[in-house]
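Pasting the structures in now, so scroll down.
Two complexes, one shared chain (chain A), two partners (chain B, chain C).
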Partner chain A sequence: MTSLVSTEIEWPSLSEILGVLTLQSGFNTTVVMIGVTLLGIAAGVIGTFAVLRKRALMGDALSHASLPGIATAFLVAVALGVQGRSLSVLLLGATISGILGVLVVHFVSRHTRLPEDAAIGAVLSVFFGAGFVLLSIIQYLGTGDQGGISKFIYGQTAAMSVSDAAIIGLVAIIVTGATAGLFKEFRLVCFDPDFAETQSWPVAAIDLMIMALVVVVTVIGLQAVGLILIVALVIIPAAAARFWSERLWVMTLLAAVIGGASGYLGAAASALFPSFPAGGVIVLVAGFFFMVSLLFAPARGVVAAGLRHLMLRVEIGSQHVLRALYEAEETGRVGAGGDIAISELGEARRWSAAWFQFLLRWLSGRSQIERRAERIALTEFGRHEAYRVTRNHRLWEQFLITYADLAPSHVDRSADYVEHVLSPEMVAELERELAEAGTLPRPAAMPASAHPIAAGKVAEGRAS
Partner chain B sequence: MMLTVQDFLQIDFPAMLAALFATVSCGLLGNFLVLRRQSLMGDAISHAVLPGIVLGFLLAGSRATWPIFLGALGAAIVAAILIELVRRFGRVEPGTAMGVVFSIMFAGGLVLMEQAAAHSVDLDAECVLYGQLEDILWLEATGWGSLIDPVALAGMPREVGTLAVITAITVAGVALFYKELKITSFDPALATTLGIPATVFHFGLMLMVGAVAVAAFEAVGSILVIAMFICPAAAARMLTDRLVLQLWLSVLLAAIAAIGGYLVAAFGPFLVGGEHSLAASGMIAVMTGILMGLSVLFAPRYGVVSRKLRERRGEAGLETADLA
Partner chain C sequence: MQSFIHSKRAEHLSLADFPEHSADSPLSVHSLTVAYDRKPVLWDAEYEAPDRQLIAIVGPNGAGKSTLIKACLGLIPIASGSVEVYGQPARRQRRLIGYVPQRGSVDWDFPVSALDVVAMGLYGKIGWCRPVSRKHRRAAVESLDQVGMAHFADRQISQLSGGQQQRVFLARALAQDARLYFMDEPFAGVDAATERAIVEVLRQLKQDGRTVIVVHHDLQTVPEYFDHVMLLNMRVLAAGPVDEVFTNENLRRTYGGRLALLDEAATALAQGS
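Let's look at the complex of A and B:
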């Protein structure tokens, strides 16, 4: 382990870091950074649709399947005496065998009993194996250019030339342009392919268009990040963007930004630390964005969801306390000052002591209850809220008895699940329905409880 | 080229044995992956073990078996758990969750490996990705007699020993928990009502997949392991509806692919006048693919060609029936 954290890593100075980040660190570095950033943007944009269409790992099959194509193109080029190193020849081979791989996956999963994931895995590994066999032939041919091919496996960002970057830029423009132009079609196919089919949209053609754009991005990305990791640039920015927004165009934009930023920062890092492989660093930066999004995105992030869940529990718990207090008043179990012993109220439900204390503090903090030593009482404001909560509960109970044929002794618990989320519109609707059915004497009245309210009664209810 | 018995036993025999054990244990477990639609877990886990392998190597300072094995197994478990967490908390579909987790872990492994490689030439990406089947040598072998000579057998390369142990464990595990694996694969809900914990078996299976993938990666490499997991099982699935038969068939096909693939790679080029053998691990993967392709097309009942033929015959039968 000591050798791992050796002192050989030279930390760059601040001015070096700023120099790289502001694209003033030499022509080559600048070209690479621009190229990789554009690649990240293109991958993020089309990745959004690949992920939403659940085609994430199809990209993986595609990129692995490109290896035999690259090797074959090299062999053919050598045999014909063409310059084997020519990038366009190799990329043509990559495209052909990548597409062939996708077609095989499609054929197997559509025409046999095997599931799509088995087809993807089989194509990915068998094509890669074939590529590896071909590589061993190239190695023995002794043309000495195996290194030129193995850079496609791990990527060799530093070798990017101006024309490579220009091609990536062109592809980025094509991908973004096509996506913008076909945005409505892509959206429909991603979210409701069945509906699109019934509306006689060319779903297959639109799918093909998405896959074709994925192919293009994958192929031009091979050289920069390598065929094992290019799929990461397609999937990760889109998956990260998914946490931030429910709106497709926002998600697409964010995926582009995250993809671009991953490329930019990753390329900068590998320029500053030449011993780090750029492909890996770019994916790790993207992975960092993903982690941050997964945890902290306000719309769908884990922390935000946890907080919302907790808030809902507090809300429901305090509504139960309010109702217990209201029903205590109703049945005359309160003292002269309208108060009740905390211990007596606590018996009404299986609240744990700590949670009950927390709810009481929460309610007095919102001045809905008033604490008097060991006793509590509703405030005027709290009684208003308690009235509303209890009424919702009983309206829903009545509804369940009248329309869902539930026995009065069982409705208390069923009502517990729904009463907290009744909107004013639904309450109005309930009042109307129940008045028509004759169970509610006057629209504004508090319905009587469907079951006897005893001190221990609600203990059957769901413990919150 | 003349092939002496000694050469065969020293060079080809251990490699074939390693390939055989690797494909058989992968092929057997692969049946349950294919049935559960979790084929790509094999893919994900075999990529995700890379950082574990490198860490095990760095901590041990050498290519000793156990630290690397434990590191890889740890990484496999971490990957399985992370995939489950991302899927559940991130509410994304399983393919995306796998893709995110394994590519990040693989990238991490790659970066770590570059660091490690700067200090030692002993570990390189090639050996992890493609395996080193050709480097598994049994130098103690002198002739056929060595096969029953305990002294010579003790000199069997450790990769073969590890793979033999793993294969035995896999076979025993599948035989022992056959009923549970079958029910949890076909009907997890039924399994739960029968009191069989589906989650325990999910992670148990993942653990076995991780262990097998790690043991096999040295021989055949991490990406080609995926072919061993999926192709024999998928081919067998095309051939039969009965699970027991499917398991036996997958083992048989895996063995054919291992032996056949190795022989083609090692001796095929010489038959056509070449001078060098080909990459054996790649050829074995290709062989599993060929076997799968054949069963996809020509399986008697479910094959694409046979179904087309039956359809045509059926149509012809209908027409004659109409005319009559």
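Let's look at the complex of A and C:
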């Protein structure tokens, strides 16, 4: 880590950046970029199902639990005189202890009352701690090879060889192939495992299959991304993809694209800034995609949700103004031109002056009201809308009185909350039920208000 | 809405499919005991379900109603006893069993459409690794139509109301084309339209010769909706035709609280020894 501080960051030139991004920056860089891109694709695909099955943190337990396996494999290999840095030996050790960790988590959460997150936390840290102790033993023995091991912790793309990239490619093909073949089975088990069980699907085996694919992706990703952060590559692309789609196959595809893009751009950045740890850079790119999705996805994004909420408030507020105007007309408190003083209308509700002014501007912008100096009136179009709004409000009031046994004076406030979301079918249903109960005097006519409309306090909710 | 179960599909379930067991009861439960961590939830339950009837399971909260059907479905381990479906161990008869779980048992924010969920009822027929074909899609839409939800086929399930979600679960069970159905509180918290749709489906299922066992919480509607009733409170306290078994006396024994239960246990023990 000291190298990070002491090294001057050299900014690459534009042509260098372009060269890396177009895979023209030498054979080694190209191999690394292809390998990490494929890794991202595989992680995105299987991550989708790990996330939907709510097993994402199992991947974290798995990767952290692989450290003592790597260290033990190294020690055993050295003791037996085998080349300690041999990748396959180390990955075998990683796989065994990673799976062991997952099994311990499974055992603890199943046979004790401990919740799964606590089991994951405990097992993950104990295995990781054991790994660190073993690493210090390796250092103490001074075999001089521990550099080959620390890359598993933080990730190092530069060391990737052609055969490594080929293995990653093979794994990517296996993961996408298995997911495509078992798509329906994965979907069923992730959505409703109990139902799957009653249909005699082997739920445990299908779960194991998902978990095994997560294991494979995690293990082949250890070298490039590092065991602390590899789980991020499994979770983040899937979590980001969820923001964009309500279709599982689209989500899976998007997770693959986001995972692949994170790998590609992350490997490129890591080639341009060799002193940065590759795992961190790759995950930062994935995190960027996640942030963009979280904020700007059209249906589920934070910005869109905020806008929807604001629109609903505006809608409800302007409907209140319309109803207040309609009831003012109804009770004959409007002037000769059908208008009423803004101040008289405004004191009816506890609106802030700014909000009330905004609503008036909004309504006149949609030509539902007309402003005449300090007075306002409904337009023909606005009266039509005000009629509908008032009618829904009163239908709902009637319904509450008829079916919920509410005193009329208490009805107005509860009616306020629901009337704005009444669908046409709901209105028809209310009319039918009220007609059956004999409390809707003339179908399709405006029901009379359930409570006296207080003069001066137009349509105020009776909060008392 | 004319024919709920397609006549062509009903043919699949002729008696020839189950030659040696056609006379057996849809569900026989013998001395079934289920315990969660040493605390028994069901104690020595005995039950023999009549064929082709609508059966309600009623009982107070925590009486073991859901536990009973989950044990029958093989979803939870049983401590002792046996469950037979049409004369065979329930596990081997899963193709004949349809299931409507409680609505709250799944995450409704899952990225699937109503049609996708209903098609899950056909996965057993489709088989391993094969995609859902157009034919299966059509069958799923048909099932949705039977619960009045065909227009919502492409709707994401989180955008459905609670009652509509319940009807999607019901449509999935219809797609299973089973002979024996278990439904866990299908009427819980649904709107009037959904309640009517479910009742209509139950009647049609009975007419098509299926047996339906429903965990039910609304005592008032039991005589109207069901033929048979099982009164459950840890043990099966009474079971039989509604007009014989659904009496004040039996209800008091079922809902009367701990005292009544202990009385009952004491009598049972005295009779046993």
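Definition applied: the second predicted complex is superposed on the first by the 440 of 464 C-alpha atoms of A that agree within 3 Å, B and C clash if a C-alpha of one lies under 4 Å from a C-alpha of the other, contacts with A are read in each partner's own complex, and residues count from 1 in each chain.
To be clear about the criterion, a contact is a pair of C-beta atoms (placed from the backbone, for glycine too) under 8 Å apart; a residue touches a chain by one contact, two chains touch by 3 or more.
In this text the structure is predicted, and so the values were computed from the model without any measurement.
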Which superposed partner A:Val32 touches (first chain B, second chain C, both, neither): neither
Contacts of A:Arg242 with chain B and chain C, given as first, second, both or neither: both
Partner chain(s) touched by A:Val133 [first = chain B, second = chain C, both, neither]: first
Partner chain(s) touched by A:Val321 [first = chain B, second = chain C, both, neither]: neither
Which of chain B and chain C A:Cys190 touches, first, second, both or neither: second
Chain B or chain C, by number of chain A residues touched: B
Touching both chain C and chain B, counted on chain A across the two superposed complexes: 242
Of chain C, residues touching chain A in the complex: 70, 73-75, 91, 94-95, 97, 99, 101, 105-107, 110-113, 116-117, 120, 123-124, 126, 128-132, 156, 158, 172, 176, 193
Footprint of chain A on chain B - complex, ascending: 34, 37-40, 42-43, 47, 58-59, 61, 86, 89-93, 95-96, 98-100, 103-104, 106-108, 110-112, 114-116, 118-120, 125, 129-130, 223-227, 229-231, 233-234, 237-238, 265, 275-276, 278-279, 281-286, 288-289, 292, 296, 302-304
Residue numbers on chain A that touch chain B, as the complex places them: 1, 3-4, 6, 8, 51, 54-57, 59-60, 64, 108, 111-115, 117-122, 124-133, 135-137, 140, 153-154, 228-229, 231-232, 235-236, 239, 242-243, 275-277, 279-284, 286-287, 290, 294, 300, 302, 305
Residue ranges of chain A touching chain C (in the complex, touch as defined): 52, 181-185, 187-188, 190-192, 194-201, 242, 245-248, 251, 429
